[in-house]
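One chain, chain A, appears in both complexes that follow, with chain B as partner in the first and chain C in the second.
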Partner chain A sequence: MIDLKESDPQFKWEIVKKEGGEGLLKCFGCSDCAASCPVRYFNENYNPRKIIRLTLLGLKDRVLTSPFLWFCAHCHACTERCPQGIRVAELINAIKNYAVDQGYCPEGYKMQLDLLLKMGRLYEVEDFDLKKRQRLGLPAIDKTIPDVARILEYTGILKVLQK
Partner chain B sequence: MRVLMCNCHNSLKLPKLKLGPDVKVEEFDDLCKTKPEIAPDEKVVIAACSPNLLEGLFPGTNAEFVNILEHVFLIGHRPEKAEQMINAAVAKMEKTRPVKTKFFQISSRKALVIGGGIAGIEVTAQLSKNGIETTLIEKTPFLGGTVAKLDRLYPEGTPYSHTLMPLINTMQSQKNAVSLCNTEITKVSGRVGDYKIELVTRPRGVQECINCGKCIDVCPVEIDDAGKSRKAIYYVPTYPDMYAIDFAACTRCGECVKVCPGRIDLNEQEKVSEIAAGAVIVATGLLWYDVSRVEEYGYGRLDGVMKTLEFERAVAAGTLRPKKVAIIYCAGSRDSKHLPYCSKICCLLGLKEAKLIIDRYPDVQVYVAAMDMRSYGTFEYLYNTLREKGVSFIKGKPSEVFRWNGKLAVRTEDLFTNELMEIEVDNVVLSSGFVPDVETFSKLKINLTVDFPVLYENAGLSNTELPRGIFTAGAATFPGGVAETLIDARKASHSALSLLAQKEIETKINQAVVDEDLCSVCRMCIGTCPYGAISVVEDKIKINEELCMGCGICSVTCPAYASQLEGWNHEGLREQIRELAQQGDIVAILCRWSAYNATERAAQDKLGYPGNVKIIRVPCTGAVDPSHIMLALNNGAKGVLIGGCYPHACHYARGNFRAKAREQILKLNLESLGMAGNQVRLEWIGKDEAHKFVEIVQEMNK
Partner chain C sequence: MNRYAIFLGCTVPVRAQHYELSARNVARALGVELVDIPGASCCGFPMKAVDAETALLIAARNIALASQMDLDVVTLCNSCTAMLSDAQVQLNVKEFRSKFKKLGMSYPREVKVRHFVRMLYEDIGIENIRKAVKKPLARLKIMAHYGCHYMRPSNLYGFDNAEMPHTLDELVRATGAESLEYADKKMCCGGSVLGIDEETAITMANHKLNIAHENGADGLVSICPFCTVMYEDNQRKAEARFGRHYGIPVLYYPQLLGLSLGIDGNGVGLKFNRIKPDAILDKIAT
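Let's look at the complex of A and B:
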């Protein structure tokens, strides 16, 4: 049951202020985004309409702790079709940014960041790979790319996630 | 100049005025009962009670109203303030240009009706019954419009002929009515009461006809006419009672000429004619939105996806026999990429199609996918009936229509169960919205700033304030059902009648006047006019007297002050402010439609405010020039309050937005000059918001 005593009436205004969140209040719940969503097609629990609805109701904890918030693949099918011209994918992104600001970030994302910082890659290059490349006549590649860590530091993502 | 003062049954202690020798002061016990004569070109200052009341008692006078009752005596201010206010008004009137009376002769007591659908036919019948010579023109070869294409009308499913045929017969029996088919307007010139309209009549091909139908048998061209197939030579059972050739499809093979016992001329030429009319009624009817632009629904790309009208005609003709049908609502409606508005009747059209197919083939499964069902008013019964007939209603906007294994399918989410849904159907019907007839309106020089003229009422389409002589009837005003269309047509015909019944129209609206010596034709005013009343004619700025409503926005936009409002020109207003604003005062420049009324309400509700608040009445906040504000501050005023209507509630469409923009720039300028920007305040004060007004002036007084 939705208990509106828990709702935070300021939540929607904070999302509206974020970049990409401007269209939030235009939503009239036609469900075109949910019907267009390819992620929804494989996981019935993911529903962009529901995320927008809970945000509008101000149920902050439920939105930010929900694992489904992070399922959006940013294909922008919803953005194309939304009759109210809401940029839905960017709106979901704004909510994600807000969640990270508040300290809610799934472990998987943090692990990926650690890998990037350590190696500059999301997968490890092993000797086996290098041997295979050599056999195919391809040049060897570096096992780590230290520049990526510097780029990441420059973007400020480390400050955001360490908060 | 005269000053008329009222002591309201000896209850007010009027000040002794010391004015120049050419100003005559008269005092009355009850001005509202005495009603002294005022010559039309005479300038007067009336110091009494509310101008809203007095404007009605002294219509068409060049008067400046000073509300000494509610701005001085009723709230206990000193009588000296009244004297100062009257002096300021006299100073203003001396410099004010009088309001010119405009006359529009109704020289042609005839009417032109554009569009031969039910609205146009009804207007023609009503006007010609009342002795107005009326010409009805129709673009297609047959009268009847959209209704003649339908099978039945909602909600009961009455055949169209029940409504259409009596209307046509009534019109045809009037001797003043003339109907011209295949005819369009090409050029319109003139003004209210005296329009000249050029018409072009396209060839019909068939000249003498006995309705034998032999031509249909031999015609080799078969085309699709909104769901039903017909030949290039065809007949619609309305009026006129003869066949016509569709020259867009005709190959001019000459087969019909050979069999025709009457006369067919394939080489007929276009005819151009000109008629005069005092009033024009636009009844161009329903225009469907091009639904193929809603690409995800596949109209024109997928077989089996059709519009409501095509579906209705195909089912009625018996050429379509589906087992499963999905009706998609709001195809392109309420959508910022297509039509941002609701067309009102498409929900009912969809329900009608569902009823049509179920009545004909009871075993058909019908799915209706709608984000909202808007069966307004008593049409709820139709919705109830259809649920009982077994139609499945799905809440949710479908995302796409696609073909899968040779079958059409609709993908949607059902909001009731919160689950995805795919519906396999034989046919998809798109209930799409309607668009305004921009082409006809632009020929009549009407700029549609909003989607439909229904919201255009106070911009001169009605003759309540300004005569324009152009009326809209039926679906040209806004899409509506048959009953609504006929009611609207009667309204339009009666408005036209009351216009044509007059010999000449007299109006006394204070309009903008351009001083040609000062004007450099920079054209800045053209964009600011909310009514499109300003145009360039022969390299000179011209203000259309039929359209100008007197907001005064252009007078502030003009960098040379060439455009000035009658009764409120800048020189006069400056004199008024110079007299009124004194050291430590608050000058309140208030819109006559809202904030000014709030000050009167403050007096009636016994809400006091300080005596240093000096009130100036303007037609719109958009007519307040920054120089007026600077002048008040120069004279030592502590603050200037500009009060107007709430955003989007401006009487002149967008005057208050202009005021807001100007206020922000002025504030920046003031701050750069080292003055406090908060001396100037722009506030939205509604008609009855006396509390808000009093709170603001008290705050400014601190």
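Let's look at the complex of A and C:
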């Protein structure tokens, strides 16, 4: 059941403003995105069309609290087929970014952010790895890249770790 | 001689050294020089879902480093290719450029970003590769897996065909192997969903493993470390979940190409493949 009393009329404009969200209002609900989606093919709980419709209807809480928002694999099968030319995967990504702003960030992403803050890369480079690389004749790589932390501080994204 | 900056990303240099090793050895054999990028970091893609701008700035910094070396970029991971390509576009947008500059970074000249395999296709070419093959892999039946960010989104890349890709099939055939035509070629491996819902991700990976099995493929060829995580590292999980036995080796394309160029198993890092490609080696040897 959809109760429009719960609708937040500003929600869709917030998404339109975000990088990748610009195409939202063009959606006429044809469902090509859902029909093309490889994730939906195997798990019907994920439906990009539904996420976009709920966003247009302003049902912010339903969108942001749904675990299925995060099921998008960002594979762009939908982007290729949208008859309205919406970059659908980027639109879903914009909604994810908004969800993070509002305090809904999956733990896995927080862990990755923490790793990037500490090392500038996702996998720790241990002495064992460096020795293995040397044995194979592969060049040495940096264990940490501190410039990445500087970027994370600059964009303010580290607030995600405090929530 | 063709010279490129090689962007390794996070996964390849630590978890897929056989991909890196085979790519470097194949490049050498084909007269391509790969120059490492000092100070290169994660491409930024893991942060895209959290904050696109953060991801783009991390990516932009990496291609700026290549720009300062006056070299175009080749990458080994599909997602790195997409992220760096996104940033390359953004660097022409005024607002993004000014944020980038505020971080004290410079981008002296526009650089091209391409997947290593795309570079092989475009700059070396199928004919030259075919001529360089010393040991045609004539009896092998290979299933080429492209992954998503090799050719999608098409408005970003303008390369190959987003619905019916063919370049990797052509590259596989250039080694002398058969490249199988099969349904759902552009199916996603499920890698991006693995951290969110393992069941869905394994089901997605299983789909293509099952097709490979039904088609009697000797091996699956991948060009992305995430796809390989799904098809190779998680193959046992898919077998257990669906009660099947696959045992399908997953080779990186430069490993396959390297074997056909006469590079030995050590030179393409075959001992690091988790599912041992012994049957493939037997077929090649006879």
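Brief remarks follow.
One rule holds in what follows: the second predicted complex is superposed on the first by the 147 of 163 C-alpha atoms of A that agree within 3 Å, B and C clash if a C-alpha of one lies under 4 Å from a C-alpha of the other, contacts with A are read in each partner's own complex, and residues count from 1 in each chain.
We take it that a contact is a pair of C-beta atoms (placed from the backbone, for glycine too) under 8 Å apart; a residue touches a chain by one contact, two chains touch by 3 or more.
Predicted model only: the values in this text are computed from it and were never measured.
After superposition on chain A, the partners chain B and chain C are seen to fit next to each other with no clash. Applying the stated contact rule after C-alpha superposition, one finds that A:150 touches chain C and leaves chain B untouched.
Legend: residue contacts after superposition of the two complexes on their common chain; A:84 is shown touching chain B, with no touch to chain C.
Of the two partners chain B and chain C, more residues of chain A are touched by C. Once the two complexes are overlaid on the shared chain, A:112 sits against chain C while remaining clear of chain B. Applying the stated contact rule after C-alpha superposition, one finds that A:35 touches chain B and leaves chain C untouched.
Judged by the touch definition given at the top, the superposed model places A:47 against chain B, while chain C stays out of reach. Once the two complexes are laid on top of each other via chain A, the angle at chain A between chain B and chain C, using C-alpha centres, comes to 100°, given in steps of 10.
In the superposition on chain A, A:125 contacts chain C only, with no contact to chain B. The superposed three-chain arrangement places the nearest Cα atoms of chain B and chain C 5 Å from each other.
Applying the stated touch rule to the two superposed structures, the overlap between the chain B and chain C interfaces on chain A comprises residues 77.
Contact residues on chain A toward chain B in their complex (touch as defined above): 28-32, 34-36, 40-41, 44, 47, 49-50, 77, 81, 83-85. On the chain A side of its complex with chain C, the touching residues are 18-20, 38-39, 42-43, 46, 67, 70-77, 79-80, 87, 89, 93-94, 96-97, 100, 105-106, 108-109, 112-113, 116, 120-125, 129, 132-133, 136-139, 141-142, 145, 147-148, 150-152, 154-155, 157, 160.
Residue ranges on chain C touching chain A, taken from their complex, read 8, 10-11, 13-15, 17, 20-21, 24, 36, 38-42, 46-54, 56-58, 61, 102-103, 148-149, 152-155, 162-163, 186-188, 190-193, 195-197, 199-200, 203-204, 207, 269.
Against chain A, the residues of chain B that register as touching in their complex are 296, 330, 334-338, 371, 395-400, 411-413, 415, 418-420.
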